[in-house]
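Below are two complexes that have chain A in common, paired first with chain B and then with chain C.
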Partner chain A sequence: MRLENTGIAGTLESSDVMVTVKPNPASGIDIQIESSVIAQYGDEMRETVKSVMQEFDITDAVVELQDKGAMDCVLRARAETAVCRALGVGFNWKGEDGK
Partner chain B sequence: MVNAVGREMPEKIGSYTVRPFAGTGKAAKILPPVVSKRCPKLGPEDHNKLCKDLKEAIVKTGLKDGMTISFHHCFREGDMVIGQVLTAIRELGIKHLRFAPSAVVNIKNPSIVSFVKDGTIDRIEASGIRGELGDAVIDGLMDEPVILRPHGARPRAIETGDLQIDVAFIGASSSDEYGNCTGQIGPNACGSLGYAFVDASCAAQVVIVTDNLVEYPCCPTSISQQFVDYVVAVEQIGDPVKIGAGAARMTKNPRDLMIASKAADAIAASRLFKEGFSFQTGAGAISIACTNYLAERMEERGIHASFALGGMTANIIEMFKKGLVRVLECSQSFDAVAARAIAEYPNILEIDNSVYSNPYTKGSMLDKLNFGVLGALEVDTDFNINILTGMSGEMMGGLGGGPDVADGADISIVTIPVIRGRTPSIVPKVFTCCTPGESVAMVVTEAGIALNPKHKYYEMLREDFEAAGIATVTIQYLCDLALSYTGVPKPIETTDKVVAVVEYRDGTVIDVIRQIKR
Partner chain C sequence: MEHKTSLKRTGLYVSGTNPVNMIQASFYNEDCMIFDMEDSVPLAEKDAARLLIYRMLRDHRPVGKYIIIRVNGIYSEYIDEDLEAAVRAKPDAIRIPKVEYENEVKMIDEKITRIEKEAGIEEGSIELWCNIESYLGVLNAYEIASASPRVVALALGAEDFTASMKAQRTKSGQEIFYARNAVLMACRKAGVEAIDAVFSDINDVEGLKADTALTKNLGFDGKTIVHPRQIDVVNSFFTPSVKEIKYAQRVLEAVEEGKRLKKGAVTLDGGMIDKPMELRALTTLAQARAAGIKV
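Up next, the complex of A and B:
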């Protein structure tokens, strides 16, 4: 699935992350990370974003992370919310992975 | 080679010969006589030491290429002396100086980096570096390693001759034309000049830089005219807002308050918490809150302290005014309230940093300290403390008096949250070891208190905690907890180039900092 709209979730507060998902004019998931702990956790952050995109069957998107030291669970929640907002759907709390 | 805390280091780094750390209390008992470059000298014939500007004073000192210059950090981030002096030195074309301030000085405009790049400075010895200078050093800016020393080690290094100062530039908020000076009065008062005393007594030449010339004799006087060669009046020596305009406010962060309260409970549970005890708490957010909680516990139990030591804050002055502490021994004043208090109360004393923290005097005040509260960036499962380098290996702070207080105080308490953002603070191995774990009694976090089983007072603390009903956890538990929140970070990659040497109190090397691979 391609994204048609932009979705944003999160804040720039300490320990949070602002996730912006946008349509990707090219193909694939393009992840851009701004974080003071990118050297330590950059790979893990990419993996988390990719797995969220997989959950929602998103194949093409630009994902921007403005990270202020968020833990993995926070990043996952923000990424899921950003995707839901971009898709204009509510989060399915009953579903296994929110779809 | 590998030192006593398991850190690997080369035997020689540039022109620096490494003496590896061998454990606390392992240093020589008797040392050679004190080294001082101070010479006997007749006072000026016209009985005036005033120079028209910094350049005239610098020229008169005979400062030459390759010499060592020193400064104190009592104006903290508000310092405007260092920038002006270095600029004057640059304009005179003097090069290759060793720059030896008493602490981290983070001046921005002009930046120290520019003085390194143009060759004015080619060696640095301080208690820490950070900001632009820190980043540049960790990226390999300098050929010679930066030598970092805790507060107590600097006067030791000066008096043993490891660090000999040719010209000390001492900023003072008031001075007379003959060099009697102080930091206690004047528009840019900074309080105690504690870190400048050893420079005044051991440097070959001493230049006082002030922006408030007063009628002779300056009263009160901290540094006496007998040590002073020249006096320069400049327009401004500091930015009063950054020197410390008001009292630091109490944090509202519930996590920090919880840690502070637990630390105060730990102190109050100890049998050493009794009439006439002594403490040092420091200036961090948790420290200030801990001081307030400690004051409450003292009032509840009707206990008074004999003295508080080190860097003073407004809330310790408040405790003093309430009669909770008999004497305040100030090596530094962290805010304007503390700065003014020295001149106002006879029992609030300005002390020389050397008597505060130097293990090689005939007795430092830390020897008499019961409780010391410390901050840290990281603590590891061996209780080693890192107070210098951050998550990505960047230079974040200075050693300050941390290693001294940990070693000197009977009970040293590290207050630290288990994580900061996604950065674990309790880790398997600190990136830079600054304070050896054997000198740390306990770590207090929001998730529990860990006692160090290898500390000399472990059994006593364990008994006291049991009696007071204070539960403890292991340091391994705290480390596992932190990593369960953050995930395991990728290790920092470094090159083989050593950019900084971390000296312990006794001048041995406790760790080295290597260039970060980018």
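Up next, the complex of A and C:
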């Protein structure tokens, strides 16, 4: 899927993360992280974001994370919401069946 | 279902917007966590709340809690997608706001069944709590409670109910006294649990105690709460005291003794024990066991 617009989800409150997804035409996935635990969890956060991009078949995007100590499931939820908002689509709930 | 607990003394609302509240709430003593997609979620955040609740419950489901998801209203534009998310999150129950008619329960039941089939979830495994929040809901409470085998509880919502009655909401709750009793009787007839309304002044502990004493004495099984500081107060009213447990044990011992001796009438401390007393004693001991007391 090709991103044409920016999508934002999440907050800057404790245990949350604000995810911004922007178009990045023909330039791959560029993940930028601001987090006090980047040394411990930066790799995991990148993997989660990449996995969400794969889920939506997005190959080019700038993804900015402003992390306030979010758990992985929170990051996934926020990234999925941001992508849905950027694409202007609802989440594909049927795609969760069997996972 | 494996996660279920049988106690429903306290049901704490947790907003679907807020990860930290979800995490913290799992460490409190409430029996039921109600993940909210409705009133606590701004319109622009409904999509985010669905995904947050879904991911949280799939990956970090709180242990030892009865998990409920409150979806948006039956006629709202959000209900279908809320149900898609809520059913797949596999809560113990889905809580439906402002139910007024039996056919509304049937409609929701059919939608849940379809999603359960699609998602490979055991059909009928997700229970329903129906919020009774208007005079129509009160008048039709028994039909609502018996509309589907999924319905396991009715929960009175006092604020909307009083608004529907053009009544003033007061701390003493005289304006909801009839509704409380009507909902309770419907629940007892239908064999489902009765959950009382919120006491919304979180700073008034004495008021909460008085309100919960009434809740307990009328016969409710639990109460919805809006703040963690209300948990221990409400739980304490629904946990039998040592005196109550001992009395219940004596009642049941006397009943057993009467059966053994083939007595027609059984007495304790000079008074006759009837069937309702025996049922109350059984309920007291069941509540004590559910609260972790060895009896």
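Heads up, the rule we're going with is that the second predicted complex is superposed on the first by the 94 of 99 C-alpha atoms of A that agree within 3 Å, B and C clash if a C-alpha of one lies under 4 Å from a C-alpha of the other, contacts with A are read in each partner's own complex, and residues count from 1 in each chain.
Just so we're on the same page, a residue touches a chain if its C-beta (ideal position, glycine included) is under 8 Å from a C-beta of that chain, and two chains touch if they have at least 3 such contacts.
Computed from a predicted model, the values in this text were never measured in an experiment.
In the superposition on chain A, contact is made by A:Ser15 with both chain B and chain C.
By the touch criterion stated above, A:Glu80 is placed in contact with chain C alone, chain B being left untouched.
Of the two partner chains placed by superposition, A:Phe56 touches none, neither chain B nor chain C. Legend: residue contacts after superposition of the two complexes on their common chain; A:Ala70 is shown touching both chain B and chain C.
More residues of chain A are in touch with C than with the other of chain B and chain C.
Of the two partner chains placed by the overlay, only chain B lies in contact with A:Asp43; chain C stays clear of it. Common to the chain B-facing and chain C-facing surfaces of chain A are residues 14-15, 70-72. Chain contact summary for the complex, chain A toward chain B: residues 14-15, 36-37, 39-41, 43-44, 67-72. Across the complex, chain A is touched by residues 391-392, 419-423, 485-487, 489-490, 492 of chain B. Residues 17-20, 23, 47-48, 50-52, 54-56, 58-60, 81, 84-85, 88, 118-120 of chain C are the ones that touch chain A when the two sit in their complex. Against chain C, in their complex, chain A makes its touches with residues 9-11, 13-16, 70-74, 76-78, 80-81, 84-85, 90-91, 93-94, 96-98.
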